[in-house]
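Notes to accompany the following structure.
The letters A, B, C and D name the chains in turn, as written, and every chain counts its residues from 1.
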Amino acid sequence: MADRYSGSGVNVETTVLGADEIILNMGPQHPSTHGVLRVKLRLDGEKVVGSECVIGYLHRGVEKIAEHRSYQQFAPYVDRMDYVAAVSNGLGYCEAVEKLMQVEAPPRARVIRTILTELQRIASHLFWLGTHALDIGALTPLFYCLREREEILKIFEKYCGARLTTHAFRIGGLQYEAYDELEKDVERFCKDFDKRVDEYESLLTQNRIWVGRTKGIGILTAEAAIAMGVTGPVLRASGVEWDIRKAMPYAAYDQYEFSIPTRKTGDTYDRYLVRMEEMRQSRKICLQAIENIPAGPILGKVGKVLKPPPGEVYHSIEAPKGELGYYIVSDGTTQPYRVRIRPPSLINLEALDQMIRGHLVADVVAVIGTLDIVLGEVDR
Amino acid sequence: MVPIGHYIFLSVAMLAIGIVGIVTRRNVIIILMSVELILNAVNINLVAFSRLVGSVEGQIFAIFIITDAAAEAAVGLGIIIAFFRNRETVLADEMDILKW
Amino acid sequence: MLDQAVFYFFAALAIVSAILVVTRRNAVQSAIFLVTALLATAGIFLNLNAEFVFIVQVILYAGGIMVLFVFVIMLVNLDVALHQVQFNRQWFVALIISAVLAAQVAAAIAVSRHSLYIMPAAPPETLEPNTERVAFYLFHTYMLPFELASILLLVAMVGAVVMAKKRV
Amino acid sequence: MNLNAIIPYILPVLFALVIVALLPLVAGYIVLVERKVMADMQVRLGPMRVGPHGLLQPIADAVKLLLKEDIIPESADKLVFWGAPLISVTAAMLALAALPIGPFFQIADLNIGLLYILGISSLGIFGIVLGGWASNSHYSLMGALRSAAQLVSYETSAGMAIVGALLLAGTLSTRGIVQEQSDTGWWFIFVAPVGFFIYLVASIAETNRAPFDMPEAESELVAGYMTEYSGFRWALYFLAEYTNMVVVASIATTLFLGGWMRPFANTPAFNFLDYLPPLLMLWVAGYCFRRTPKQPVQVQKMFMAAVGVLCVVVALVLIMPMAVPRDSFLATSKPGIHGAFWFLFKVAAYIYVFMWLRFTFPRYRFDQLMRLGWQFLVPLSIVNVMMIGLALALHRQFGWPNWISFPLCVALTLIGGGFLLATGEKHEHPFVGEEGEGQEEETPVHA
């Protein structure tokens, strides 16, 4: 398992070590591997000459659980994968099942789904920014980010009662009708948010130390990124303009104006800038969406018992961390025959080894942070 | 006042300990440290006699000796690191070839 | 009275730690005791009113050179090295050298005991405070040796860098 | 033994006892202040539970640390592991001996005072290095090695910055340095601002504080050299770190910020500033009294009021020398009391800058830190020393007035600094480029 995902073919155990080389086990208990990732680093002094990721410490068998739950019953489980962006996970799953059943969510549901998902993207990026900055040693941005994330979580709480693992959507539409002040809350949040992003940028973007720590670190070229199937902001920072929201629109994204931020170099600094810009774009989408939320039902024509026709479907959405895909095989019963999830974090993590070669231990931390992995999603 | 003989005795004792270290130890780093002990023994004498004579010139030489010790330590440790990198040992009796 | 107590305390400390330097198996522990010995010597210097040498000893020897030693020991410390034989079988040679040395010094002291034995109480104003006088000698009378010493340091620095560099 | 022979030793021993006894408490409260400042900058409240406004938090922390199990790792070098924190603390505390806290409160006025402080505090590095080595853990060892390299490098530039100020003062005695600033009326920060800047940066690096907290960078090396330490030994390291902060802040205060002098000490027009310390204390007391009714528990109310009363007492002590007749004994104690206040005030301000920087900046990477030290700070400090020497020479040998020679030389230093900064930009990421040649590892012939 470990070798399969090392992405480099370095087998640390069998390599004969030179005099200066030591093996450093980073994790699974380490402050900045974002959970229980374990990275075996082969070091020459402090320079990384090879690495191997050991994953699976948080494996819960989500895909296997799906085979013994009905379609609705499984929906809350996906929230526990990328727990920082639970709404996006739910959206992907619901849309995949809808595609399998060939039903469509009503327009009102789709718009509200878009709003909540974009808010979740902002929340996820905020959390990334805070922890990434903390990894690089800036203590303060974390609390600013959490302050704004709190507002978003409050909106979620008002909408569905839960803050983290929301289970906000339902197959065929929404779980709950939007509460009365949803538009107003979202507008209030969006109005301030632009200034807040400027505030974070004023702390970091021009900071000599920040630039020194991120520029040129963990460069991922466009070819390498495509070859490894990396998606999301990591891919876009390498200069590939690929965003599923534009390429294969889902929910209500085709109705809104927004741009896909890209950068050229593909280093940590670029990924930082791309995510900052994405937060601004998400805010733009939210503002457009609340202007006109169509009236109507929130649930499409789905029965109490879901029995999709036999067949298979693959549906992917642009989660905050990249392409989140669900591959579902139905055998016509109430339970899926097989569910396979394509988690963006796992695929992005494969690029880690290539990105940290030749860098220092401190850069490993920066690169793990910039990949924005959530171990719940990597291990499932 | 402390008799000057006691300073000399201290100095000789340290010198002897340093020599014992150089002769009996195998680890080059400890041999270097023994050399430092010997230099230190010299310094004690210099400073004590400078006090005896009532001039600070002995102290000047002590400072020069410390400078010399710094240079010696830097070069010596540089050699040790270079040697260790090639042979992975710091034992003096394994340094038995002239070129590698 | 206080003077003598301080001297004998530091002298004993210096000798004991010097012995420990050459007898400890572990190089790091040797280094620690060498630092102790050097600091004890520094105390003796202070007792002799040589403040500047004292501080040079503390800053350069204990704070600079010994940090370098510890640094190198950590770089090259091998667990294997600890289990190897740490001593050569040359105790005999060492004993002879020490004995000859001791005899020589004892003879010297015995011969010249009248001229050397009692240290005259130096008048306080000649040596106290003498940092300025050290500076004067260093930059006037001993200017050339001082400059030569700095060149020596430069050469040593370059040499150390060249030798310790990875790929020459 | 003659009583007169002992008397000169009584006061220093007393001072030493006071400092050693108070320092852990002071360090604990610096930690509390740091947490409060951090919380304030991060839109939080910080510790609020233990005592009113968390005022008893340090004591609770100390008790917790003392009661914790003392763990020594199985494969650690027991003796060194045991002794290393002691070295750190001892070195840090010894350095305090030569610091003048006010004109009357000093343990020893050595004629090599400043060099003594530098030398002794440089010994504290052994505690860190040996502790890291003795823990027998990769993280600890890397922290220790980083710290050794970092401290040695930054001591160079700190030393050179100090040399600049020493040239101006013409003495090594801490008291003499303050006296010189008092005589000329110019604090050295205004005469040698670049030197102060260099010392500020170098002192942050020397005390292992962010953004230079490489040896204990918690996101990289877990806790660096302290990783394997817990309980009381860990607390000792912490005590050493905060004591070192006080030491470097005191050096900076003595050298650059005029020591115990009031701002504008020689200008009678500013004598009203003498009333500032008592007013400040009264303001703090007023705040405490205002907050007293808002405390939830009776005990906390009483405690808050007690803090207020304490502040009032301090204010009274500060105002007393000015209220009594001019030639009484109490009036002569004014320089001592007010000097101590201003010294501690400046030290606190310097430490506040440390905290401010810590919560604002990300952390340097190790190679960047070394590059900053050797390629920017060391050359700049050398330029600084030369320029101060030039300014003094122009003033003394050629009779140029001070107000021409010093600004000129500061400007030249700044130009030098700008030049260094511009050239430093070129070498940014050496490791990325080196990757290619790193592959062809030459094999030793005899291996």
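Convention: a contact is a pair of C-beta atoms (placed from the backbone, for glycine too) under 8 Å apart; a residue touches a chain by one contact, two chains touch by 3 or more.
Just so we're clear, the structure is a prediction, and the values are computed from it rather than from any experiment.
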Centre-most chain, if every chain is reduced to its averaged C-alpha atoms: D
Most widely separated chain from chain D, with each centre as the mean of CA atoms: A
B-C compared against C-D, more contacting pairs: B-C
Geometric centre distance via CA averages, chain C-chain B, whole Å: 6
Between chain C and chain D, centroid-to-centroid distance (C-alpha), Å: 31
Chain B-chain D separation of Cα centroids, rounded to whole Å: 35
Distance between chain centroids, defined by C-alpha means - chain A, chain C (Å): 62
Interface hub residues of chain B, defined as touching at least two other chains: 84-85, 88
Residues of chain A touching at least two other chains: none
Contacts with two or more other chains, residues of chain D listed in rising order: none
Partner chain D, residues of chain C touching it in the complex: 26, 28-29, 32, 35, 39, 51-52, 54-55, 58-59, 62-64, 66-68, 70-71, 74-75, 77, 129, 131, 167
Touching residues (chain side chain B, partner chain C) in the complex: 1-10, 12-21, 23-27, 29-30, 32-34, 36-37, 40, 43-44, 47-48, 50-52, 54, 56-57, 59-60, 62-64, 66-75, 77-82, 84-85, 88-93
Touch list for chain C against partner chain B, complex: 3-4, 7-8, 11, 14-15, 18-19, 21-22, 27, 30-31, 34, 37-38, 41, 44-45, 48-50, 52-53, 56-57, 60-61, 64-65, 68-69, 72-73, 75-76, 78, 81, 84-88, 90-91, 93-94, 97-98, 101-102, 105, 109, 113, 116-123, 126-127, 130, 133-134, 137-138, 141-142, 145-146, 149, 152-153, 155-157, 159-164, 166
Interface residues, chain D side, partner chain C - complex: 77, 79-80, 83, 110-112, 115-116, 118-120, 122-123, 125-126, 129-130, 133-134, 141, 144-145, 148-149, 151-152, 155, 172, 442
Chain D partner contacts - residues on chain A that touch it in the complex: 18, 22, 24-25, 30-32, 44, 46-47, 49, 133-140, 142-144, 147, 203-204, 207, 209-210, 212-213, 215-217, 219, 357-365
